[in-house]
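Chain naming follows the written order as A, B and C, and within any one chain the residues start at number 1.
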Amino acid sequence: MSTIVTLPDQSTARLPKVSYLNQEYGLKSWLLTGDHKRIAMLYLISITFFFFIGGAMAALIRMELLTPPSDLLAADTYNKVFTAHGIIMVFFFLVPSVPATIGNFVIPIMVGAKDLAFPKINLLSWYLYIAAGTMMISVLAFGGVDTGWTFTTPLSTHYLNTHVVTAGLAVFVAGFSSIFTGLNFIVTIHRMRAPGMTWFRLPLFVWSHYAASILMVLGTPVLAITLTLVVLERTIGIGVFDPTKGGDPLLFQHLFWFYSHPAVYIMILPGMGVISEVISTFSRKRVFGYTAVAFSSVAIAVFGFFVWAHHMFIMGISNYSALVFSLLTMLVAVPSAIKIFNWSATLYKGSITFETPMLYAFGFIGLFTIGGLTGVFLGSMGMDIHLTETYFIVAHFHFVMVGGMLMAYLSGIHFWWPKMTGRMYPEGVSKLAAVITFVGFVLTFFPQFILGYLGMPRRYAAYPPEFQVLNVFSSAGASVLGVGYMLPLLYLTWSLKYGKIAGPNPWQATGLEWQIQSPPLTENFVETPIVTHEAYDYEWLESQKPSEVPTVG
Amino acid sequence: MDSQTLAAQTAETGNIEHGEHPPFLRHHFAGVEQQRETATFGMWLFLLTEIMFFGGLFCSYLIFRNWYYPAFVAGSHSLHLSAGTLNTTLLIISSFTMAMAVHASETRVRKALIGWMIATIILGCGFLCVKAYEWHDEWVEHHVPGLNFSPQGFLHGTKDYPDDKLPLDMAEKTQVYFSLYFAMTGMHALHMIIGISLLTILLIQAYRGKYVTGHVSPIENFGLYWHFVDIVWIFLFPLLYLISRHQ
Amino acid sequence: MHFISPVLWQFLIKWLTYFAIFPPEASNIAPYADALYFFLVAISVVGLGIVALLVVTFSIRYRRDVHPVATQIEGSTLLEATWTIIPLILFMISFVWGALLYFRVYSPPPNAMNIYVVGKQWMWKVEHPGGQHEINALHIPINKPIQITLISQDVFHSFSIPAFRVKREAIPGRYNTEWFEATVPGTYHIFCTQYCGTLHSQMIGEVTAMTAEDYEAWAAESTSGQSLAQNGERLFASLGCNSCHNSGPNAHGPNLAGIYGAHLQLKNGQFVTVDDAFLRDTILNPTMHEVAGYAPIMPTYQGQVSEEGLIDLVEYIRQLNSQYRIEQTIDNSAAQPIQTGAAPPETSAPALPPGTVKP
């Protein structure tokens, strides 16, 4: 009954001779692979690339906002920079981050399968992502687009002469990449679970990806048709969004936000899955309230489809319609609160250690709580009147997306790094990076709440002078944050060659992925596992003997 | 075979030995049945995304029809009912031929399979030809929104519908009707083109004997896609052509 | 302070003078908005505090060094219920409070003074009924409810006055309204808060709240001479509206005297209340608002009238409260040839359109 943790002596760990990384050689074997793990690695590299481009855009924004006048960038350039930042970060980083890298790698192993249901579609997903990314880079290279990531009509359809069509098509293609990933996950989770792996024995990471996949599959097509209509309106001149032709610009808003609100849950749910795994592992305890956490993921997905017009409270929708959407927004906030409390309760009577993934997870809990609570501010319709379209909104979504999702992503990358590469990351500098990131983040984005209540509008290149002090704090924080994000890039790359060998289960975690070698074989399992224990069963783990872990070579 | 031997063997060859199985079984599946069920599940899920894709257009149609009812009636009257009915017939027959193709694959009759697939392709192309003719007609009548639209035609009634005389502001709204008409039939036609292209690829594979070995999934699932595209048309046809004929 | 460099001192002074942390409460609704805000901040602080307390205490108390054996706990339905129901209650309070505030902000009182604002890239055009025109500025009296009727000429804009805690989107094609009552004289920011293109950040202005006397003085000296209604009257005649809406016995169109605020019955049996949006839309899309008892012959004026012109017409019709006023219009426009041979104006007031309910 003991769960005393004896982490394996890593000095005796050996890299397996054969793994998915060297089972085949050559560029073609990577570019034409069906192996979900290789595709995950391809995604990891491309997503990191886009993250840093989006980050460079962010750096430009914060530098411009150091001073009240628009003196660093011309107004048009600033508009292009924040648009690029938004489109790249949302569609090319946040949406695919955890699902396409960690999810792709780990979900088949977690359910006990050899691969996802449709490996070729998985590869197609990556190629669509690369095609979309190339289109987006070309947009930037040829002069940029300045619609904002929200493509608001009639600005985007009739009043801009930048590369709106290409950018819209890039997002369209990226959307299909997302749909195919979600489709793959749903089918895999339904149909390819190993014998004995019932729904309620699945790790919570799988549950949250299942919920996110439902959103991807049902919501993204609406974005696709919306962007198609924008492209048609811009090129041919159909008038569905043009009031002078009888159309309605609010129709665009409804169609756009019908996807883009579930999109934020697509972005956060996988991150919440990571947190469940990390908190459980580093407290050596099963997650408190497994069923509640599992069902709250599904509840967020379902409710998330019915709240979109809270982005439109001031646009002239009827007061009664706004009432309904505000009520539903309050309801969708409750499952997130349930998760936070369940994770906190998981720590109770655990045996807690503070490795880097755990530090990022703590950062998530604090920052996501703040971000989520400020969401309640915005869902309260009368309060939203004053706060919407100001820096309060900017702070809110950065708290949930960067303080929440990005921290969860980094937590997951560090947590599964040993599994993916066979190497440990350096613990000392990674802990430092986590703390720097946290401090930098709070310094960057907390002043923005105050700026928002003061009324400073978003997407402003120039602002009245009384807002400068808070902006300077924010930009100072951004430089610290930048350091915090650079460090993992450097030390994780370093660890590929010089990191300590990890062995199959450096964290003594439960979960099928930790019972196989690191890095895994292409087929994941030497023979199909038969699952007899519950999720997060630390007592079962204790009874396992190290020699039973299959390592090849 | 125990895990030690298996491990040793894998270390040597990098491959895991397995038992006998049909050549079309992919290695990540436990068996043919799982592969088949998974593929079908995947196709149904994809069709669900297509419903969401078209759903936005249907929603917009609903709203604008409510607002601009007379314009939508007049716009609908100006479409060629005969062309629409012909298209509907072609598609329904093509769904039949596709179903027969699936049957041929299941009963492993190669010639029948190829024949039914060719018939489906021809019917699909027929549909697209009729559609192209209709679109050409809209262009000639200046009903293409944005490009050469003019409400002139709707200011006077037509021979069949003398009451279709609209005042100028309502006649302008027919542009919205045609915007949706072209968006909806255009999206549908795009799906038809993709379907015919895929079917051609499947046909070439069928010619090489691929789908009469018990590997029915690709034909079956393509059949699902084809029936879906047909069903979308079954919704479009009444909404665009039939809905106001009694007026 | 000779040991602090003059440059640094300059910066410090500038920053401290300009540094703001909380917006002024300058309208009657602002204290209510701030109260809701402080409630939300309070529950957030408490919520975060509880979570932080739990995480920190548990991390210290149950760290591996002092608690090497973890106790596997499945869950607790009671706890789940507690931390579902309590947040739900708090969120519901936020919902109700927010809804009350929202309805207050977006339901103008009937006696509000109306000012029109047209947003265009990249300026705000403010039109007072008395004929004062402002660009990027708004002068208002304090302690009087002001309704802003808002529309855009091109793309989405958003008219925001943070000091009053109000904001509304300016949309092309339809009017939106917001209202406020300023309480403290002073100048406050107007921002455009919906991204609208290149000079979005320059689309800012100033609202000047003045005492009643100061406002009277300002209004007297700033008027262009013609009130909006007078402009509207001229347009009414020059566009030929008189030819049908002339309140003669054989008039083709409904009599517009007193029509503002009336309930009209449309051809399809529905009743509508005549307001700004209805008038504007009828001028542009008359077929959508066919009135019972009249032939649908009103032509559309889409493309012939600008947004300002529409505002003038709407204001004119709003002020059209008597038959006498209509006759004035016809007299004033006698210099303009009227297309149809309308009968000479009657002295008795003809009936309002059939089915009209007096306001």
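Everything below uses one rule, namely that a residue touches a chain if its C-beta (ideal position, glycine included) is under 8 Å from a C-beta of that chain, and two chains touch if they have at least 3 such contacts.
Because the structure is a prediction, the values reported are computed rather than measured.
Student: From the centre of chain C, which chain's CA centre is farthest?
Tutor: If we average the C-alpha coordinates per chain, B ends up farthest from chain C.
Student: Could you see whether B-C or A-C has the larger number of C-beta contact pairs?
Tutor: A-C
Student: Measuring centre to centre with CA averages, how many angstrom lie between chain A and chain B?
Tutor: 34
Student: Need the CA-centroid distance for the pair chain B / chain C, whole Å please.
Tutor: 46
Student: What whole-number Å value describes the gap between the mean CA coordinates of chain A and chain C?
Tutor: So the centre of chain A lies 38 Å away from the centre of chain C.
Student: Give the residues of chain A touching no fewer than two other chains, as numbers and ranges.
Tutor: Only 248 qualify.
Student: Send over the residues of chain B in touch with two or more other chains.
Tutor: Answer for chain B, listing residues that touch two or more other chains: 67-68, 172-173.
Student: Which residues belonging to chain C are in contact with no fewer than two other chains?
Tutor: In chain C, residues 302 touch at least two other chains, as defined above.
Student: Mind pulling up the chain B residues that touch chain A in the complex?
Tutor: Interface residues on the chain B side: 3, 6-7, 10-11, 14, 16, 26-30, 34, 37-38, 41-42, 45-46, 48-50, 52-57, 59-60, 63-64, 67-68, 71, 144-147, 172-173, 175-176, 178-180, 182-183, 187.
Student: What residues on chain A touch chain C, complex-wise?
Tutor: Of all residues in chain A, those touching chain C are 2-5, 70, 75-76, 79, 146, 148, 150, 152, 154-155, 158-160, 243-244, 248-250, 283-286, 288-292, 313-316, 319, 322-323, 326-327, 330-331, 333-334, 337-338, 340-342, 344-345, 347-354, 362, 365-366, 369-370, 373-374, 376-377, 379-386, 388-390, 450, 453-455, 457-469, 538-539.
Student: Using the touch definition from the top, list the residues of chain A that touch chain B in their complex.
Tutor: Contacts found on chain A: 17-18, 23, 108, 113-119, 121, 179, 183-184, 186-187, 190-192, 217-222, 224-226, 228-229, 232-233, 236-240, 245-248, 251, 255, 258, 521, 523, 526-528, 550-553.
Student: Please give the residue numbers of chain C that touch chain A in the complex, ascending.
Tutor: Residues 14-15, 18-23, 33, 36-37, 40, 43-44, 47-48, 51-52, 54-55, 58-59, 62-64, 67-76, 79-80, 83-84, 87-88, 91-92, 94-95, 97-107, 121, 154-156, 158, 160, 162-163, 165-169, 171-174, 176, 189, 191-202, 204, 302-303 of chain C touch chain A in their complex.
Student: Within their complex, state which residues of chain B touch chain C.
Tutor: 67-68, 70, 166-170, 172-173
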